[in-house]
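Residue numbering begins at 1 within each chain, and the chains themselves are lettered A, B, C, D and E in the order written.
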Amino acid sequence: QGKEPVKVGLVSSKSGVFAQQGEEVMRAVQFAIDEANAKGGVDGRKVEVQSGDDEGTPDAGRRVAEKLARDGHNLLIGAIPSSISLAIAQNLDRWDAAYFIVASKSDKLTGDTCRARSFRTNHSDAMDIAMINEWAKSLKEKKFAVLAADYVWGRDSGESFKKAAETSGKSVPLSLYVPMGTKDFSPYIAQLKDSGVDAIWVAETGRDAIAFVKQAEEFGLIPKTKLIGHSLIQNFMINGTGKALEGTPGTTAYTPDIDSPRNKAFVTAWKAKFNRLPTDNEGQAYNGAQVMFDGVKLAKSVKPADVSKALRGAQLDTLYGNLTMRAADNQLLLPNYVGRAKVVDGVLRPVVEHTFPPSIIPAPSPLCKM
Amino acid sequence: MTALLTLDNINAFYGSAHILHGLSLSVNAGERVALIGRNGVGKTTVVNTILGLAALKGGQIHLGKHALHKPRPYMAAQHGVVVVPQGRRIVANLSVEENLQLGAAVGRKGHWNVPEVYKLFPILQERAHTPGTALSGGQQQMLAVGRALMANPSLILLDEPTEGLAPVIVDQLARIFNQVASQGTALLLIEQNMSLVVRVAERYCAMAKGSVVAHGPVENTRESLKDLETHVMV
Amino acid sequence: MSISRIFSFSGAALVAGLALTFGVSSGTVLSLLTQATIFAIFALGVGLLLRQNGMASFGHATYFGSAGYIIGILLQLKAVPAEAAIVLAVLGITGFAFLLGLVIVRVPGIAFGMLTLAVGQMFFLTANRSRGLTGGADGMNIEWPATLFGFPMSAIVQPGHMFMLSWAVLIVCMGGLALGLHGRFGAITEAVRDNEERARFIGIRTLLPRAALFALSAGITSVAGTLTALNTGFVSPESLHWSVSGVALMMVIVGGYKALWGPALGAIVYFLAKDVLGDYANHWMAIFGIALITVIVFSPTGLAGALGRLFKGKRQPRAAAAQAAQATQAKPVKPSAPAARTAH
Amino acid sequence: MSEFVLQADDVAIHYGGVKAVDGVSLTLRRGEIRGLIGPNGAGKSTVIDAITGRVRLTRGKVQLGGQDVTELGPVARRMRGLSRSFQRTSIFGQMPVRRQVELASHKMGVADSGADADAVLEELDLMPMADVIAEDLGYGEQRRLDLALALVGRPSVLLLDEPMAGLSVKESHDLARHLKALTSRWNVSVLLVEHDMDVVFGISDVVTVFELGRVIASGEPAAVRADPRVREAYLGSAA
Amino acid sequence: MLTINLFNGLVYGALLIVMCSGLALIYGLRRVVNFAHGSLYMLGAYLGFTIASQSNFWVALVAVPAIMALFGVLLDRYGFRLLQDRDPLTVVLVTFGLLLVIEDFVQTVWGKSNLSVATPEALNFSVNLFGTAVPAYRIGVIAVGAGVALGLSLWLKYSRIGLFVRASSTDPTTTAMQGVNTDALSAGVVGLGTALAGLAGVVAAPFLALSPSMSSDVLIDSFVVVVIGGLGSLSGAFVAALVLGLIQSLGAVYLPNLSAVLPFALMVAILLWKPAGFAGSRT
């Protein structure tokens, strides 16, 4: 009693392009908080939360994060796009806050913009790419095309896949980079059909990905040609495309199948409350909240500086098992997964097929100086 | 006698500019009235007020029995009062024939239709499919008159129909106005060309500074003409 | 307004800002006020163009966001000191806008707005898909040095100081504009706005003043962009997006652009209202949309106009009548109507 | 140096098929008032447009003080002392009266534009509304403001397009008196387009009559007034 | 390859034709650049989603334009008409306000998730066109676009009301002076324009993803089209819509690096060359 409460600042999208994923993140963090409070709090402290809408833009995101932090809710969590996370990370010292990244993948967040007070509890692009390099070797198809969003993440994904595939003796004759916000993919689909490849590496985001998949189906590109997805078989995309993604393999950041005691407990509790399995975004956000709570427990303090110090280099029991928070760049060293969209118990969702251990994670970026 | 148009003590404004000061005027069925006055006294404003293009603030406008409280540009024509506007206002992107058809928008039945107008102005038939604005000024004026006739109106307001026209065309128009009037259509002729007024009108109202300052009969004589000119020079 | 009144008003405003800084202890409130003030400068730039030139820009975010990018890139390359980077950004944007203005201010009416929109979207799309230095869609950090103009950075970014700085810049911009527009440049631009043709016939070349005004307006907007870069240390393509321009334009209209301070008022009201209504964030857009429509419908001259009327209740009827006159005059002079010819 | 401050030779303006002005020559001597009359659409305003550079000439030449200005724009012509008013009032609606008159006087070679503006405002009785926004002026005042914009800056040639239109009889006559006084005081040359015959024949030194884009008569007012062709075309066939 | 790309260009061009003819009609009669047009399109798509899932796509195809038409008539009566004497810019911003309200409404009613409408069974097959299989539904989209373009053109050219609409968009005052009730005419035309936005939404639903952010891309594309075509000119908009559709489709293949900025570059170039657009008549 009398201990200072844990004050969480939940920043995510209630409106804008990422509203749907934002909703998932908010739900899962709230769930984690309610659960903690029901069990008597974290480190004997009550957890309080305030949330704000980042509108999907860095400017608004920074604004609400600052407001929350300055109001004392200085353990921040939740933004989706890297741009918002970068804008928040940049200001943590100024606001005396700490930040837990649960969805943003940009390498900058653990590279030149790494901060002592920001922690990434999800996979970075570099981690995904390391896995892709491994995975490409095992793919059976010989001839690939790349279809990726024309910005940093898509380009990185597409180019590293091409390199990885070519080093393992496969050919990638066609790479298409599509402007963000493209509605009509038919010109690209025509080229893909024309190229006669066995499979297509797809690195597209949100609405664009959904539009692509729907139109690919409409034009008969799939299922004839296989899709291989980088962050494609996420729950919300699978749900937005009918049955089109069934059987599609791809990277997946979290699934309810992960075999760890904490995950089992989480999935059971979640099912009890929502009568369905948690989605990938929900799992990642819940995991991030747990890392935050572990930090408070380790530090026995709610001061962002103390929490950050305690977490750096710590061993943590997470949904993904026992993991290290790498001291060099505050990246949680997660195992990574390749799965497939499959119908399980009447629901189409990603199911893990292959797990890549943390040992393949590349070394921390030399740009990160904390 | 039935009054087709009655203006009773109207005041009209363009924004804050007070143009018509308590003007009264009426035109009866079959009558040929001239509204005269020098440039800028507000003759066009009388028309614009009836059309709701100048703000009516005080006074009453009646079209037949119908009182116009809030005039809108389409109301007059729907009550059989059409305007041949100053400057003709031929609709640029419509052909000659379409401009005529536009005149029949209210769909009143009567003597006038496209073939009848062509009979009156054969030149328009020759140019039926050219854009209205490609006509010469005189031809445009004929088109504007023809368009007004297409509505089979009971009263036509002619706002300086001979402005910028050669005397021969003025003569021709004078004949046509008389012909139209003899078929029972009343005319309100707004004009500065007094030689036309004496040939067409049977009664005049002279305006100065936004109100009617004199009125009386018109005869097709030199004396009447002189008389009118002194009124305009007020 | 006479020159001495401009000075006394500016002085009073500066003192008021100072008092506010010391009166308000909450960092949250100060940082909110800082953002409001920065957007007030942004809106001042957009409003200037509308007020003095009669032109609405849907693309001023370009100048707002580019300031951050130019500074960010120059600092990252370690090409010049930060102070020089700031000056270069503002001057560079002003110069660019001047050249662009020479070309685009010739295009009349709403098409001008669409042109600015198109130019802005080209910048946005380019920034969004680029990689490397600017970080593309993820945005880039701006690595400010430890000291700026001799002041330690950590002191500058303190909420109170940041607010004072922004407020001072706003007042200086506003006062400077009031002074500048008081004189011949103001008269020329007003004349060109009211009646470009007649302006030529009293011996005024109309292109240069309009381009210069466009540049000035972009320049002021870039000052707001610079302050944002200072305040957040981060810039991303979203700050170039047309919706940002749209929001700024709405601040201008809601505040009322007939008065120089109207747009600034609009920006501040926008931020305060948004903060107060924060709890209804889900419906913020609808609330704002309705508020926008209400203000436009009930006060064509915006909040500034409404306030002005409140203080000197008399002038209103004349202004309204003048507007009605414009409306009736505008009517018959439709492009193709023969009446249009009589315009000389 | 030519004896004419303004000389237009064989000027033609055609709009597509419309020959608005079709080969007109006009001159103005220093200090002279030339009245220009003709029926509506005769091309009077168009000639003024041609001389001031508002429209491009189809053919012909315009000289100001002996210099060819045919290729110059309106601004350059104004800098050379050519000034005009407009048939349809053309003022700066949102600006205060004095501010716009002073602006028009600026850079026109007048030593003190403020004093010049004041002088013109006095002359045209606009001083009491010096600080009024132009839009809020009455119609007659707006007409005078249009004239004031043309008068400031001591122009050497003044082209006035129906300056009396829309003024009351008394206002017209007052204005005519002012105009006559000004021309002799400042030694300015005036081309006056006007439908008010009393005014035109009252103050003009010479009168030119247009019809259908051509000059049909030109000379002393009395002679022109008596010309049967003019009576036929303009003053009225029955006159 | 080229044929299929041309085909794809036509599909998007056809959709833009339906969008832009509404935008151009409203501009023609009301001189309002309607920023809410994209939201009306979105509203149409979501309404289509609901109606299609309750009954079927064909019902939606008829019902949605009807509902939207009613909305448009109200919008004109209680919006544009009351504001007709206002500075065009302020009216534009009123439509901007409306855009915000409609988007919020859509989010509140249908949520934030991406939704999709199934391709109607009757058109869910492929047709062999010059050696490539193309979805029949897309041919249907082209047909709708062509139908709208042809129908509107014929209607405007040959019908009585069409004559009034053409006259009124050049010179409303003169048209009204002939006894045409331009108030009612405007309401009708705004209704029609809004119905076309709704129709575009329903037609787009089965092949483009539905999401609360779907309105702004289409809005910007539509602006590009009507501005390039010449504000208020229908034939200009038709041509510009096809040009834009083709540019996007061919640009994606042949100039991938520039494809995103291509429409804007085109717009800038055309406006600088002809400030009033292809077929422009504007003050």
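Following the convention adopted for this analysis, contacts are C-beta pairs under 8 Å (C-beta built on N, C-alpha and C of every residue); 3 or more make two chains touch, one makes a residue touch a chain.
These numbers were taken from a predicted model, which means no experiment stands behind them.
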If you walk from chain to touching chain, how few steps can bring you from subunit D to subunit E?
2
Among the chains here, which has the CA centroid at the largest distance from subunit C's centroid?
B
Winner on contact count, chain pair C-E
Subunit A to subunit E: how many Å between their CA centres?
37
Approximately how many whole Å separate the CA-defined centres of subunit B and subunit C?
51
Determine the centre-to-centre distance between subunit C and subunit E, using the mean Cα coordinates as centres, and give it in whole Å.
32
If a residue has to touch 2 or more other chains to count, which residues of subunit A qualify?
15, 150, 179
Within subunit D, the set of residues that touch 2 or more other chains is 136
Return the residues of subunit E touching two or more other chains; collapse runs of consecutive numbers into ranges.
170-171, 173-174, 260, 281
Quick check: in the complex, which residue numbers of subunit C touch subunit A?
26-28, 31-32, 35, 125, 128-129, 131, 135-139, 141, 157, 159, 228, 232-234, 236-239, 241, 244, 275, 278, 281-282, 284-285
In the complex, subunit B residues that touch subunit D
16-17, 39-40, 137, 163-164, 166-167, 193-195, 198, 209, 222, 225, 229, 234
Interface with subunit C, subunit D side, in the complex: residues 45, 49, 52, 54, 73-75, 78-79, 83-84, 86-88, 90-95, 99-100, 102-104, 106-108, 133, 135-136, 149, 153, 161
Please name which positions on subunit C make contact with subunit E in the complex.
50, 56, 103-104, 106-111, 114-115, 117-119, 121-122, 125-126, 129, 242-243, 246, 249-250, 253, 282-283, 285-286, 288-293, 296-297, 300, 323-324, 327, 331-332, 334-337
Given the complex with subunit E, which residues does subunit B contribute to the contact?
51, 53, 72-74, 76-78, 82-83, 85, 89, 91-94, 98, 101-103, 105-106, 147, 151
